[in-house]
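Below: the structure, in structure tokens.
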Amino acid sequence: MMLEVRGLTKSYGEETAVDGLSFSAERGEFVTLLGPSGCGKTTVLKTVAGIRTPDEGRVLLRGDDVTGAKPEERQVGVVFQSSSLFPRMTVRQNVEYAVKPHIDDADERRKRVDEVLDLVEMSDKSTASPGSLSGGEARRVELARALSYEPDVALLDEPLTGLDRALRNELKNEIRRVHDETGVTTVLVTHDQEEAISVSDTVVVMNDGEKEQEGTPREVYRQPRTRFVAEFVGESTRFDGVVDRSGDVTTDEGAKVRVNGRGEGGEGDEASVYVRPENVALVRDVDVYDNIFSGEVVELTEMGSHAEAVVSTEAGDILSEVRGFSDVREGQKVVVGFDDSDAVVVADAADGEP
Amino acid sequence: MMLEVRGLTKSYGEETAVDGLSFSAERGEFVTLLGPSGCGKTTVLKTVAGIRTPDEGRVLLRGDDVTGAKPEERQVGVVFQSSSLFPRMTVRQNVEYAVKPHIDDADERRKRVDEVLDLVEMSDKSTASPGSLSGGEARRVELARALSYEPDVALLDEPLTGLDRALRNELKNEIRRVHDETGVTTVLVTHDQEEAISVSDTVVVMNDGEKEQEGTPREVYRQPRTRFVAEFVGESTRFDGVVDRSGDVTTDEGAKVRVNGRGEGGEGDEASVYVRPENVALVRDVDVYDNIFSGEVVELTEMGSHAEAVVSTEAGDILSEVRGFSDVREGQKVVVGFDDSDAVVVADAADGEP
Amino acid sequence: MRRRETVVFGGIGAVLFLYVVYPFAAFFIGTRGAGSDVGSGFREAVVNSLVTAPVATAIATVFGVPLAYFLSRAEFRGKVVVEALVVLPLVLPPVVGGAMLLMGFGRLTTVGSIAVSMGVPLTDSLVGVVLAQTFVASPFVVVTSRAGFSSVDEDLEHASRTMGHGPIATFWNVSLPSARTAVGAGVVLTFARAIGEFGATMMVAYNPRTMPTLIWVDFIARGVDGVVAPALVLIGVSLTVIVAVQRLERIPRLRR
Amino acid sequence: MRRRETVVFGGIGAVLFLYVVYPFAAFFIGTRGAGSDVGSGFREAVVNSLVTAPVATAIATVFGVPLAYFLSRAEFRGKVVVEALVVLPLVLPPVVGGAMLLMGFGRLTTVGSIAVSMGVPLTDSLVGVVLAQTFVASPFVVVTSRAGFSSVDEDLEHASRTMGHGPIATFWNVSLPSARTAVGAGVVLTFARAIGEFGATMMVAYNPRTMPTLIWVDFIARGVDGVVAPALVLIGVSLTVIVAVQRLERIPRLRR
């Protein structure tokens, strides 16, 4: 295991930032800590880097306990949330300064600097001052600098925040490409679920300093185990009700939602069923779907690549994604359907909530 | 017309921020200025508010030329990019201060404050100090404050920037709901195309201080008239080539892309064809699509609600959106297809680029 | 900070800290018991200082705060020269300032002789003390308030304007309250500088005595032991001022 | 700013501006022609000032910059008291500072008598001048540098540490260069305060003369016209200092 974090706890005064968090990253793995602002994810990153000292818990790098070690005694590369390029040094000097403690030979050092600037396609800006770089360019150089001394772990703190959407997409792909080429173990911190899901091998969803769920992007998106995860990671329609003998859920409004195998709940448990809008189809008549509700389109929002329709039914408002050329209009009577295998149950027994 | 901006030009020193921009908003319309950071959109907003004086051009409110008027002589409500709640006043005092110059009667004033705090669901926080509010709550209060004196136009400068994705979504719907309930003419500024498309009646795409295109969200997304718009608003695959006699485009690699009626180009024009990933299907054999290319999946990115596949073909890399349960894998040989009616041509004659 | 940094930076810094603290401690130890020996003219000097310093502070504040706001918001040619001249008394040795004031307001100058003929001598009078104190101390309130106004987000003022409030109302309701801790710190520092003013006051108004000039006169006459009473009063004022400035500057820090 | 605000704030502020500029102008007009009259001891005073002020500035810088860095980064109990004591000489009237220094380093004190027996008298000597200047002027470099260090993003230092550089290397390569304009401004202001020091120097070392004490002696002997030469030198120093500070503080502003 390249990185292990065990039972990490850290308070600032009365406020608990991180509460007993554990996770790990294998060599070459890309792990993302995903959670809302203030959930403690940056504190985790800074503790791994040795910038914060935990109240409790251990940090292990390559199996060695480094909990008490200073930052300079660890092999970590960090990209901080706000640009931390040294303003009085050029791009090249920034990277050179990072490599210096690790490579004694000047020629070899120069070669390494050339390599990493090449890697992020910033060779032609090597004499530029950080102030003259665009947001995306500065990020690239910071990434190169953090990887230049071949750290055990690269720690990236919201590297895409504050950039335009188009640039964010480009840089996200860049980060993944650089990870794949260098094979460096990477921990990224973000509040953006789309970013987390599209870039990571493993996603750790955090809330209020605790781990809510850990899994592959697909697991976290399709098999949320808590209400928080279901609601924070992507959009869904939520039905509240009680699990019946067959494992299906009868909602508080009396509607029955059929469920097939995703999530868990014992008979009589209070539970919520979640279904993603892209799994809810608008149909004209009763169809092959296991769950069918008729209602009326009360809101239709154009999203560019698709539209989102809110359909008011006897089971409540249901969100459906409408694709392709469609003549759906607000006020129209429609029938919505979704498969029982696309419905996820989160029961209170599993959630721990009342 | 509630708001008209005509030929607005503004330079800071040598740098031209806005260059001859014109647009207008009818009573009750929701117009969004969309463009990358630094494209001049905030300058436009501040000029409409009277905070900046234009070098050239006119600003009209309700048909009156207010170009030279001070901010306090116009009827505009502004939500600024960074929170501008008065830190020494409570939530209620903030709104009261805004209403004061407009309503003399104290009882009526109190009633109005109650109404707008109700409108944004912040009544229970009326005695809170701005420093104790969350980012989303502060935005709500600022919105209430800007609307409290029933301005001719509400100007919103990136009101969702810096918020978590889930909160951003919620607040975006809130802004649209409040707009629909009050009917106030609104101009929003953003760099987020998804936000622009899902909230507006009309989108004005800006680049380098100039207007690139103006239209409904659907027009801007489906009928981009310039390369900038096609590439900034949503993802696409781009084919570069020359328009042939039939109006189709032969790419530089020799592949032919069939086009049907969207965009324009004369025979022999250099042109680019854009096709959105959601219109590109992965198919196993030749199918009903007008454009068919065979190739290999070189990259597959899980996005949660769908996946994105990059398919390397003889016409270059083509981006395709993969939906539902799919057994597509990297390295797999596939055929991609799209309809000619989903391909948009941007010819150099229309673009003005060499 | 971890142990090693603390030792290095704290250790080197402690040298200067101890150098500043040692005379302070030595003074209190050395003057125990001597404190009751009050020289002649002590009472009058206290009254003079407590009259002139507040007046000088008030004048500096009334004109200095608008000047600070103006400098923080307006852009004009030669602004850098205006700023330099406003700050000048801060770096100018007070005795030089005193000489300048004598050249401008002395009994033989046009302004000075007119004032004398009106019965308001501008030198060797309480008015002269106020002139000296205002000249030397006013940059404190200007510089500190200016920094305070500069750190107020201009969009707060723009917001107030779009709501229908004019520039003066916006200044009173938004700008000044937002910068009030900085303005307060500036006023307090100006008062401290005014009440402790010595060099310029000596030149412009050797009489009537203020506390600092009394200390000098007593020192000449009776040595260090003779200055204990006025020195203790001024030390008390200084400590109060420091506590006030720390309180004022703490408030925004805690809120961030 | 539009016309109305300019008139209101600029107009009120202009009163203070003119009050500061008028004596300055009056001095230059009044002293035309009188400038060549150099009193005895002028040369010696210039040399003494140009020796003592740089030494005091160097001492304050060498110990004050680490102290400033320590105060900007370390958290400990009683920090607020340490900060108060470090800033004390800034608001303490210089004559009171002088009295304190005499209590600490005078010929009759333990420290002072030991120094005299070693042939290094701490009062009425150039060493005494340096002691007075350092005490009064050192807070400038500490306060200004501290503000500079506080505005350096600590993540820059954290980045340097994670790269494998220790705290001392990080201070030299990252913290100090990033805060260099503030530190530079602090050093320049300390120098200005040291070379203009009058009150404390008068008490600790009436002899040998520095420029400010010479101005006082010449003024007593020959009136305002007798102080023109040393005053002009000190005005030249002050103007140079202001230009230097403005240059230093402009650099970061332009880059933002």
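Just so it is clear, A, B, C and D label the chains in written order, and each chain counts residues from 1 on its own.
We take it that a contact is a pair of C-beta atoms (placed from the backbone, for glycine too) under 8 Å apart; a residue touches a chain by one contact, two chains touch by 3 or more.
Since the structure is predicted, the reported quantities are computational estimates derived from the model, not experimental observations.
Note on connectivity: the fewest steps through touching chains from chain C to chain D is 1.
Put simply, the C-alpha centre of chain A and that of chain D have 53 angstrom between them.
Rounded to whole angstrom units, the spacing between the C-alpha centres of chain B and chain D is 55.
For chain B, the set of residues that touch two or more other chains comprises 70. Multi-chain contact residues of chain C, defined as those touching 2 or more other chains: 2, 166.
Taken as a contact graph, with one node per protein chain and an edge wherever two chains touch, the assembly forms a single closed ring in which every chain touches exactly two others.
Chain pairs that touch one another are A-B, A-D, B-C, C-D. Taken together, the chain A residues at the contact with chain B in this complex read 36-37, 135, 162, 164-167, 169, 191-194, 197-198, 217-218, 221, 231-235, 276-278, 301-306, 308, 321, 323. On the side of chain D, the complex with chain C involves touching residues 1-2, 4-6, 8-10, 12-17, 19-27, 29-31, 59-60, 62-64, 66-71, 73-75, 80, 82-89, 91-97, 99-106, 109, 134-135, 138, 142, 166-168, 171, 189, 192-193, 195-199, 202-203, 211-212, 215-216, 219, 224, 227, 231, 234-235, 238-239, 241-243, 245-246.
By the touch rule above, chain D contacts chain A in their complex via residues 153, 155-156, 158-166, 173-174, 177-178, 180, 255. On chain A, the positions that touch chain D within their shared complex are 46, 49-51, 70-72, 74, 76-78, 80-82, 84, 86-88, 97-98, 100-102, 131, 145, 149.
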